[in-house]
Structures are given as C-alpha cells and as structure tokens.
C-alpha cells in the first residue's frame, strides 16, 4: 500500500490516446472499449489517430507538442510498425511540474521518450517492459494496442503501479529518435542563416520548424521586419561547411507577424506558433501547398 | 451566491465542441485535455471538427442545425481566422425552451450568434468579452481554442457565471452574418419560382437549401408531385427584377418524396430534411456530385 | 421490478456507436448530444463513422470484428439507406459469455444480427420492433439515428427493458446478410485451393479475407512457408465446378509470417490477423494498393 500512496491525490482517470490507426476502421474504437470495460469511468481523450501510418517520428513530435497541456493520467501512444516482433512494449512514469504523475504506454521505438522528458522537464527515471498476456488462440498478435497497451493503460487507471505491469528496465536502454535539425551558419555572402527542419505540416498548411523562439534568439534572428526564406534544401549539393549552395539569391520574403490575421490573403509570414516554434505560414492559405514543402524537408532562414 | 442559484437544477457538465481544427492534428485533442484538467468529469461532445478552414459561415449553419438537439451546457465554437488580432473573444448565455441555460464561447465573428438565437428562440440578452489570460512566455497567441476558449468553457462547467469571464458587452455590437438567400419570384413564363442558396453539402452529397418547409408553404411550392430544378445561378446575368435568365427550359425534374429510399438509384428528388429545410437529394448517390453543385451556389425551384 | 433485476449487476452505461455518418458533418455529434441529454453520464464510444455510405455489409463485418471486445452496454449501429421507409427499427438483446447483457439498436437490414450472434455465440432470442415517436412538425423523417435509435439506446442506458421499446418480434423474421465466400476446391493442376472474399481493406491496406484460421486448418492450408495468391477472380469465366480459369500459372508468392515486421518493405505476406482471419499484407506498404484489390473481390490461395 505504501507504494500507491503518492498517487492518491491524483486519481489517474484520464487516458490521452494517440495512434496511426486512423478512424476509418474500428481500431481506435475497440481500444476505447477495452479501456471502458477494464476501467469504467475513465475519460479517454483522442489526441489524434491520423499520424501517417508507421511514422514514429511524426507521432513523437505530436506528443511533445501536446504534453505541456495534459493533466495527470496515462498517455497511450501507438505507432508501431514492429508490432508482433521482438521490440519491447514499455511503460514510463514521470512527474509533471505540478508533482502529479503522467505515465506513458506504448512500443519502445522512440515514440514516447521525448514526450515523457518534455512533460517532466527531466530525464525518465522509471520504465518497465510490459509483461505480455498469453496469446489468444487462433488470433494473430498484430494488435498490441488492443491486446497489450490498452489493458496496461487501464490497469494504471485503476490503481496499478508501474512495477505491476512488468520488470523494470534501464531508462538508458530506451530507443530514442534523433532530434530535429537546427543549425546556425553563414551564407556565402556572409549573412547569418539558420538551417532547420520542417517537423509538422498542420491542417491549415502551416509549416512548423524544429527551431524554437529560443533558437532564434540564440541565432540572432530578428523576429521583426522580414526574414528571407531560401529554397528548400533536401538533397542538393552542400558546401564543405554544410551550408547550402541552393539559396535563392532573391529569396522569398517572410513578414514577421504575431497573428495569421495580420497577413493579407496568400501573403507569406513567419511567426512564433502556439508551441513556441517558428512557423512559416500564409494568410488564409496553405504555406505547404504554395511552397510545395513537406515535413522532413530543410529550410534556410536568412537575415 | 444568489446569482448562481438558477443554475443549480441544471449542472453544466457538457461541452459541445465544433471547430475547423480537423482531427489530423492534435488541436481538438489538446482542447479536450485542457477541459478535462480544469473541469474533470465534463462530457465533451465533438459536433464536428471538419468545418472547412476559416469558413465561419459553414460553422454557423452547422451550429444552427445542431442546437435544437442539445441539452444544457456550453457550446464551444472555434472557426477563427482572426485569432491573435483585435477581434473579441466572447461568451453568450441564453435559456433553452426548457428553461435550462446554454452558453456559447468562441470568437466574435458571427459564428455563434445565430445558433444562440435559434437555441433560445429569442435574441441574445447576455454577452461578455472574455478577459484574456496573460500570454505564455515564448509562445505565440495563435491557439485561442486552447488558451482562451477552453479555459472559459471549463470555468462555466465548474460553476462560474458569465460575468466571471469578462466585462458585459452590448449584444447589439456582436458581429452577425447575413442569412442564406431565399427569394420568391416569377419566371418569364409566369411560373412561380423560389431562388435559394445551397447552405450545406453533407457527406452523402445531399444539398440542403436555405429555404425551409415554412418558406415553401409561403411560396406555395406544392411538395407533392414534381418540382423543376433550374440550372444553378451563381454568376450569370439577371433580369432587372433579380430573376435569372439561365433557367433551363426543360429543367430537371425533382420528385417530391419523404424518404431517400423512395427514390430509384440515382434518381433526383426533393424532400424536407431532418432540419426542416428543403433538400435536393439522389437515391443512394450524391446529388452534389452529379449536379456539380457546391455550398454557396444558388438554385431555382419552379413549379 | 422483477424484470429489471437481472440487469442490476451490469449497469448499462456504455454505448458503442457505429455508422456511415462520417465526421465531416454534425450527424454523429448530434446523436451523442441526444444520448447525453437523455442518459447523462453514459460513455459513448465511437467504433467508427467511416463505413462507406449505405454499405450495410461493411458495417456488419465491422461490428462482428468489434463485439468480442465490448463489455456490457448498447451497440448503436446506423447504416440505413432505407431510413423513412417501411423497414423496421429494431432492438435486440443477447447475453455475453460473461453473462452480462449487450443490446443492439438500429435498422432491420442485416446490420446487427450477425454481430449479436457473434457476441452471444448463440442465436438471437429477444428482439423488438421500435415504437416510433410522433413525427416532429415540419421536419423530415430522414434522421432516425437522432430521432429513433439514439432515444432507444438512451432508454436502455437508463434502465428500460427491451420490451419497453416496442412490440416483440420473431427473431426468425430479422433481415440477414449472406456470409462471406469461403470455398475449398482444386485447381486444374490438382493443387488444393481456397477461394475466399476480401471482406475488409483497412487503413494500412491490409486485405482481410472471409477465411479464418479455422477455415485454413480444415482446408489444409499450411500456414508456414509460402502460399500462392492467384489473380483475383471477380467476373471471369468459371469452370463447371465453380473454380477459376484465371489462376496465374506463376502466381504471386505470399510469405507466411506472424508479424508485419518480419516482411521486407513492400514484400507480400499472409498472416493470421488479430481477428483470427487470414490477411494478405505487405511490409510497411498497402497490399490493397499494390495488388489493386478492393473489398468484395474474390482471391484464390493455392499451395
């Protein structure tokens, strides 16, 4: 009983669910049903199920953006191309700045760790490998969201401790993804520039960059006036110092604004978005469409 | 305490959430999380998040259709191209015919007022401008759904009164949209006609018209037998009296029916839909596709 | 009171909702609102609303897959091209293997029966025809999900017995669909084969077959090594014995695996899926796309 005492002030009754299941099929709904049957009364919140299939990196970015706004509960994340193989199922637990616990359940493929550390503003200290329930006869093992992760999340919601779910593992052994590219440099003409990855294209076509407002401050980007956007640099030749040749001499100008509504229709801009990242946007239009840029590409900002 | 007394019989524990956020991203999920953290146990119902980006008018129509079926609670509506600008955030409160309160939270851009008045069957009498919380350091102000509207909705769910959210404003100052077109007239051949706007194309391709069954009654459209659908009139020349030249002489015939299933596959019909509006439909087929008509276009019915 | 006693140990507070309403419109949200207003506190779980419009068969398959994972409650299923016609609205009740009750509410068009019997592992014994509430003035009868089925589901959640919803009907009179094709046979070259229908293409492009692992066992398909996939047989000529001419001599080889991750990227495989059915899949790719196969087509497996 002593172990469960610290959780008492924070009844764990919320599950935050992210996956690449889509909603065309019943995958996400069945996971909801499993949680409802095992932990009645739990609030299950769908963060999104539209992570592109198998895109662990996109799922990780999305969780990192979401966690600062979550209360205590369990993050259930399933983007899992390795389901059924030897990859581990894991559960992590961290303390939110408020002191309340937030747990993470899902595959050990890099999906969860960055978000757990962003939530805690500290390294992960507690992790377990989920013990696998006996396989169901005549059914394949291709739906761990239903068969492994949802039961684990439900158990946490009904008072189980992390260690009840499996054997402790070394947090240092968790699979991690490489972070998004943010590199300072200089163009050949001597101007300072920042080379950074597009980490997310949202529904409106806004391009979120890996660079944060803090990165911009360090790099000295003046977030007033105009900033130049170089042609994107995804596969072209590079200088020996890693900077792109392909910067358009008369690059596109982005107007630095605080709100989408400051831009004329179709005008391109640069703003600090609601997650604290730089974003290339357009007035009531899709910057992604008109610039033909996708997540994972590199952009260069110069000033 | 006296002010909160009237609300006691109607615990406000439901939020009805509509937006243009889509579900591809985590926007809607994060708003759910903010409400769950601040008002645990609230039932948050997604009306839809697929309002076309920035389409305040489509959002307003959707809310007007939904409100007759909502119980007491808070309508949270976010279609907000002006986020971050000087446009106001507002909260409204009306009494449902049952006497129970229904509140509305969102931007002051016309999204909410028509639905509030439809719910109350009366003008809006109580409105406040939402007081803005302090900006978060190093984060942009582009996500009022999360940072302004969700906290306000959660506050209402936990017992706050409307006036606790901000200073009262004159309901007459609220931004309003122009209503859908419904105009009676006569064709050159003398027949009576009704010129009316397509306000909604639903998933099945049904075309909801601005004209209601009451409009049809006033105009004298016989909703039995057949009605003629003129070619659509979106940009063509008009008679001095505002009636279209382009009416197809041998217009398409719509069979008046009570149910989709009365139509043969692909047959076009006219029915009174579940919201009391006239709708141009097709048997197990998309009228929008086969007629190549979109929301916002004008149709002419003649008989 | 005696009749309601058996339900007491299983408070019916969950609704499992499936439809072809999509989520672009407010249809599903309004149904949620009606249930929330009539049965506050009910957990409504969306199985999916993306059943293709009017595709009763796809809806039935989806419910059959989902029911083994549902606890007690009410399945609300609405794929209903006959709405407003003389087709009946029905409610069914079965006992889960646990003894807890699971009810089904929706149209009598074949959508519900197979799932009810799969849930109970027994024939349906209790069915009623839903009594229709009085029509609302000036509104059409095209939204039974909102006006007939949701109120019935809410009534069950608040303690109504099945017989409170309408007059009993003979379960033998319920509309049923024909099951998916699973036929053993021999190719002209003497090899054993199995001719079976694609019943579901999921988000990842996996092709679920009507044949289960039990069917494979009976037919003698060795689920190790490789199995040959014949060209699909949807409309071609057939032998007098019903077997296809069109089997590709050097048919595509499917590697039998237990997990997607065992396949190389784009490699085709055959596995027993999480529902116990055979499935044709591809490594991190869409088998449906690369084989150009859709639900309803027939495939032939040979070995």
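Every chain is named by a letter (A, B and C) in the order it is written, and numbering of its residues begins at 1.
Rule of thumb we're sticking to: contacts are C-beta pairs under 8 Å (C-beta built on N, C-alpha and C of every residue); 3 or more make two chains touch, one makes a residue touch a chain.
These numbers come from a predicted model, not from an experiment.
A rotation of 120 degrees, rounded to the nearest 5, superposes the Cα atoms of chain A on chain B. Counting the residue numbers used at the interface between chain B and chain C, under half appear in both copies, so the two copies meet with largely different residues. Chain geometry summary: the mean Cα position of chain B and that of chain C are 33 Å apart.
Residue positions 23 of chain B each touch two or more of the other chains.
Those residues of chain B that touch chain C in the shared complex are 13-14, 16, 18, 23, 43, 45-50, 62, 65-66, 69-71, 200, 202-204, 212-214, 258-262, 271-276, 279, 284. Contact residues of chain C toward chain B in the complex are 20-30, 32-34, 36-37, 40-41, 53-54, 81-85, 87, 138-143, 146-147.
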